[in-house]
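Consider the two complexes below, in which chain A is the common component and chain B and chain C are the respective partners.
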Partner chain A sequence: MLETIRPKKRTLYLYLLLPLIIYVFTVFVPLVTALFYSFFEWKGGPEKAFNGVSNYIQLYNDATFWKAFGNNIYLVVACLVGQIGIAFFLVLLVNSRQARLKSIHRTFGFFPSTISAVCIGMIWAMVYHNKYGILNWFLTTVGRPDLCEVWLNDTQHIMLIVTIPLIWQFIGYYMVIIFSAVASIDSEVFESAEIDGANAFQTAMRITLPLIKNTMLVCVTLCIAGNMKAFDNIYTMTRGGPGTASMVMAMYGYKISFEQSNMGYGSSISVGIFVLSLLVIGGSQWLVKRITRQVEV
Partner chain B sequence: MAKANKHRARNGILSLFTNLILWVFSLSCVFPLIWMLYSSLKEKRVFNADIIGLPQSPTLTNYIRILSNEDYHLAEAMTNSLRTTVLSILLIVTFSFIVGYILSRVRFKLNRPLYVIFLMGMLIPVHSLLVPIYVVFRSLDLNDKWYTLLFPYVSFGLPIGIFLVEGFVKSIPISLEEAAAIDGSTFSNTLWRIILPICRPILVTVAIIQVFSCWNEFSFALVLMKSVQLQTIPLALTQFKGQFASDYPKQMASMLITMAPIVILYFVFNREIIKGMVAGAVKG
Partner chain C sequence: MKKILSLVLVVLMVLSLSTAFAATPVAATALAYKGELEIMHFSTSEESEGNGGSDGFRTTLAAWEAAHPDITLKQNVLANAEYKTQVATLAAAGDLPDVFLLQGMNTISWSSQSLVMDLTDVIKNSPYYADYNTAYFTPFTADGKIYGFPALTGGTCTVVVYDKAMWAEAGYDTFPSTWAEVEKASEYFNAKNISAISFGNGGQWQMNSCFLSTLGNRYTGPEWFSSMIAKGGAKFTDPEFVAALAETKRLFTETKIFNADFNAVTNEDAREYFIAGDSAAFIGGNWDESYIAATLKASNEEKFNNMGFAVLPQPADATKAPDSQNIGLGYAVAINPKLAADPDKLAAAIDLAYEITGPAFSTYVAENYALGGLTKAGDVDLSDKDAITQAFYNWSYVDTSTCEIYDSYITSAVWSVLNTDLQTMTNGGMTPEQVAQNAQAAYEANY
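Our next item is the complex of A and B:
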């Protein structure tokens, strides 16, 4: 802390005032407002009627909301395995002695994560299109036109179908993060492992992974937080459809509030998203910390 | 000898597979861009007949039609995105610098409470604010203005920015400011003339992280902006998707036009960008 120059109180608060006002106004005021309106029956018009906790009772019994929550969890799990798992595997490959042109893979691989989710959604909608899509073109070309279908209407597999673009988009992102962690490991560690006769799999699981544990935890946290707020991709590709098969929480809140203009119930859903996301993120942090501590003991 | 040859052969196969997998992945990442680049030069009719082939007679008609038709508002959307992004970044960088420095160096009663309040921004699931922000902004008539999106973008960018600056300032030796104070430098003078130049690298990192999130942001723009004249790019694109539903070359051309600034920025500065994004992710 600085002791020699103390700014005047007035200077200090003058500097802090504007950022603080904007920040509190945009983040905390809406939160409190949402909590307030969640106790009202309000269709977006001038009339509001206090109806106690009945919005929350409705939320508790709302099968679509819980299905949306389940889909968020599906995204989280699929992306944990898909994004971080594949990224880790690719980092091992890039780091191996055989790999050539490492920086090209880094540049190309990271590229999709700089593109907007809307573009990614549109591109993949093209890939999945039944008539002009690359996927069906590919299946026809390899002689399996029987497998062609209208992918984005496939209720049964829709979650997998919308998750693949999400996984693909961010593999490179996690790859780069994990790569920088692995690069900071002392190369002597790997040399002595090789001398001791460890194979590639043993080195990866017993040496690399424990040494980059903290970075992996950062990736896990980013991945969970990122997928609890999934919205853009789903909005562009399916809007939660067919039916409610690919509904996620943010999409549901949007639909109720803006398509049915049910602002009161929409506010309760927002509070629900807030609480559930915090619980999942906090809970997973706690769980991960417990597991890693056990491993160390 | 035989053993060495076998070893070499095994290494060769391993090397082949390693590089093959990496190339399949890397090419999948840029393939959509390349596919869109050459397909956008085809007429709709040609594309529908053969979606993957190279254009026999490349044409710029799609681009000309999109850019010359004022109903599409593409130029306006670009201007809106550019203005929103530039202003948001300027505000985020300035505010992060000021608040980050003060929280790191100045002892005052509200220091820790403020730190906690700003850090909470990183934990709050911002998507739960989608509906509430609309409600608040509409009741104060703040939605659908040219400055509307600055509020959420600046507010959501601030916590990570403050956090990064705060950490960076801690690593600057305090003797620097003490020497300045002895020379009679005021607080503001020290802040802008001495600390700001030192903080340049971390402020560049903050700016890099935010360029992409502001330029690409969709959900808050969707909720808060209604008039076509004020739409940002992602919003305009979702409209094109409806308008050009069965006209893929046109969709591709419009996407490429809007992606161009970010793609060029990325391929020119990819080293700095990747470094900045990683630093932001790992420290945040």
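Our next item is the complex of A and C:
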């Protein structure tokens, strides 16, 4: 029946060709060229000298790069719990029978993820501002001025401080995805659970979560991929500082490539980010599958 | 139709007014070239409000374009930070525009890769050569060849702007000349919940350009840095430079002279502290001074009239040049060597370079802002300027001795490492010796 309206194979391929070309030129070509340049000593200017794997040896021994990788992992873990965890909790809350003004919650929840990351960074830089920020103002107002500090210069807690805006920004994004997944569950399932005497926590963990497992897996992948390439919020707030305390891999690559004009080594950092991201995403998927299989068995 | 006509008239009037301010007009040299000429720079319209160099650059550029109706300038104007990134990318791709601004520290690496044209003879043949302040060519010279016309205005990178009334209240008629006195004064200001000096190093470059570059000279003298530039044996690990780092660390970690958030805010934020009265003084560059002056003049006449200027105070264990400040021209107009293939176009680019660094530019900035550029503007008549403009002119060009701006030389690969470590050090996370060792390693690997 559908055969009559299905386009010819040739037409289908033609339609696919344009996005494919765009994809190849914006993702595949830069990746291959970065891999190529990573074997050169290329310090700005057109001159390059082949230097084998010495960029990778340098990368392996570069303490700042591994520190940045550690910071990315911190971001991933914090955002998995913060973004997806809180989003899941909020979805259940808004979906509960007692909740009012559901669509308003949905709209406002999603709102921060529509703002550009640079604006978010600037807004939060103001929140954290030592003299004029709302955080220190609040602490002073409630009588705890001793807790006030220069938040963006707190080397010890800077990663937590720059992660909070990231979490805040993307809760709504994951809420929307989880909302649609939860909406697709047959309401009879919840009704029978209620009749059986399941409480809210049991319903969430034993019914909702297993039924939206695949969607959650997509969320986890998106969250990891997003945080392995984190750059803009942190760049606006601290530029990786103080010192290198909030350095993430993408920013380190940027610094090496453009501030230090070391394009060859910068390229090897990009390749490093790509490989490490693949490993983390692959590893996490393997882990999630293993855990869920065990639960099912 | 009437609307269009009146609009055209208004535009013409504004144009004629804006060119009328330039006392020396752009020379309308006859040029054979017809067509487009690309130029990339960072004098944005926002920047030109209050910043004399940017205003002069834009005005002269517009006048040059008006004088050569057959040539269309294709301008790519970006804010300074974005400019640096984009020009580095274009250089790496070998795709620089016809005319652009070369930063001093890139001269050696870019000239060795033929990214910039050797302009030595072009400069010597300039109609304005006799009036050039030739010392400004140094950062743009490599192996005896000159690669650019120093552009914009030669302003200080390290000036202490202070509020005379506030310091008089604290018991100082002029700004203290030693850090010990500033430290003592800071107790008085801190008791009133005011910082003695506000400073912003959030961008990481400020500690180098607007502090260490001058403080270092007080310990090492100019010979040390000349030797660093010439690879003449000086090292970042030399005891004099390490002493300068140690003093920097002490001032920022052990005293309460500066605002607590100096490493988290930029110079733009820190100067607002001064304007708002949250600090009694501010350390920054000439671009900050002109912003503060313009803002206060419009909003707080009394505070404007109380503005004073001073050099960085002298550390107790420093022995050199106590009245020095780092001044220079950080960028130069450079020409793409590819233009050699089209002599007419090259002649147009050279004429443009002559004019935007020539008398049309320098008389404009001298008369409107009391600033100097590559070409000497003759005796600058300051009589119709307000007292603050006069005071800053005299402070910049007459009353103080000068030293080099570190990051106009060597290479960004070294300064990026040093700047990051300086921030860590002034947070107490590194020793001066470690900072010096890292900088020296980057110097040996990249220069």
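Keep in mind that, in the parts below, the second predicted complex is superposed on the first by the 273 of 297 C-alpha atoms of A that agree within 3 Å, B and C clash if a C-alpha of one lies under 4 Å from a C-alpha of the other, contacts with A are read in each partner's own complex, and residues count from 1 in each chain.
By our rule, contacts are C-beta pairs under 8 Å (C-beta built on N, C-alpha and C of every residue); 3 or more make two chains touch, one makes a residue touch a chain.
Just so we're clear, the structure is a prediction, and the values are computed from it rather than from any experiment.
Contacts of A:His105 after superposition on the shared chain: chain B is touched, whereas chain C is not.
Residue contacts after overlaying the shared chain place A:Leu147 against neither chain B nor chain C. In the superposed model, A:Lys43 makes contact with chain C only, not with chain B. Of the two partner chains placed around the shared chain by superposition, chain C is the only one that A:Asn130 touches, whereas chain B remains out of contact. If you count the residues of chain A touched by chain B and by chain C, you find the higher number for B. In the superposition on chain A, A:Met263 makes contact with both chain B and chain C. Of the two partner chains placed by superposition, only chain C is touched by A:Thr155; chain B is not. In the superposition on chain A, A:Met205 makes contact with neither chain B nor chain C.
Where the contact sets of chain A with chain B and with chain C meet, they give residues 129, 131, 258, 263. Considering their complex, residues 11, 14-15, 18-19, 21-23, 25-30, 32-33, 35-36, 47-48, 51-52, 95, 98-99, 102, 105-108, 114, 117-118, 121, 123-136, 151-152, 154-156, 158, 174, 177-178, 180-182, 185-188, 190, 212, 215-219, 222-223, 233-234, 237-238, 241, 248, 251-252, 255, 258-259, 262, 266-267, 270, 273-274, 277-278, 281-282 of chain B touch chain A. By the touch criterion given at the top, residues 1-9, 11-12, 15-16, 18-20, 22-27, 29-31, 33-34, 37, 90, 93-94, 96, 98-100, 104-112, 114-119, 122-123, 125-127, 129, 131-134, 137, 168, 171-173, 176-177, 180-181, 215, 218, 222, 225, 228-229, 231-232, 235-236, 249-250, 253-254, 257-258, 263, 266-267, 269-271, 273-274, 277-278, 281 of chain A touch chain B in their complex. Partner chain A is touched in their complex by these residues of chain C: 84-85, 88-89, 91-94, 106, 109-110, 112-113, 115, 202-204, 259-261, 263-265, 273, 278, 411-413, 416-417, 420-421, 423-424, 427, 429-430, 446.
Within the complex formed with chain C, the chain A residues making contact are 42-47, 129-131, 150-153, 155, 238-245, 255, 258-263.
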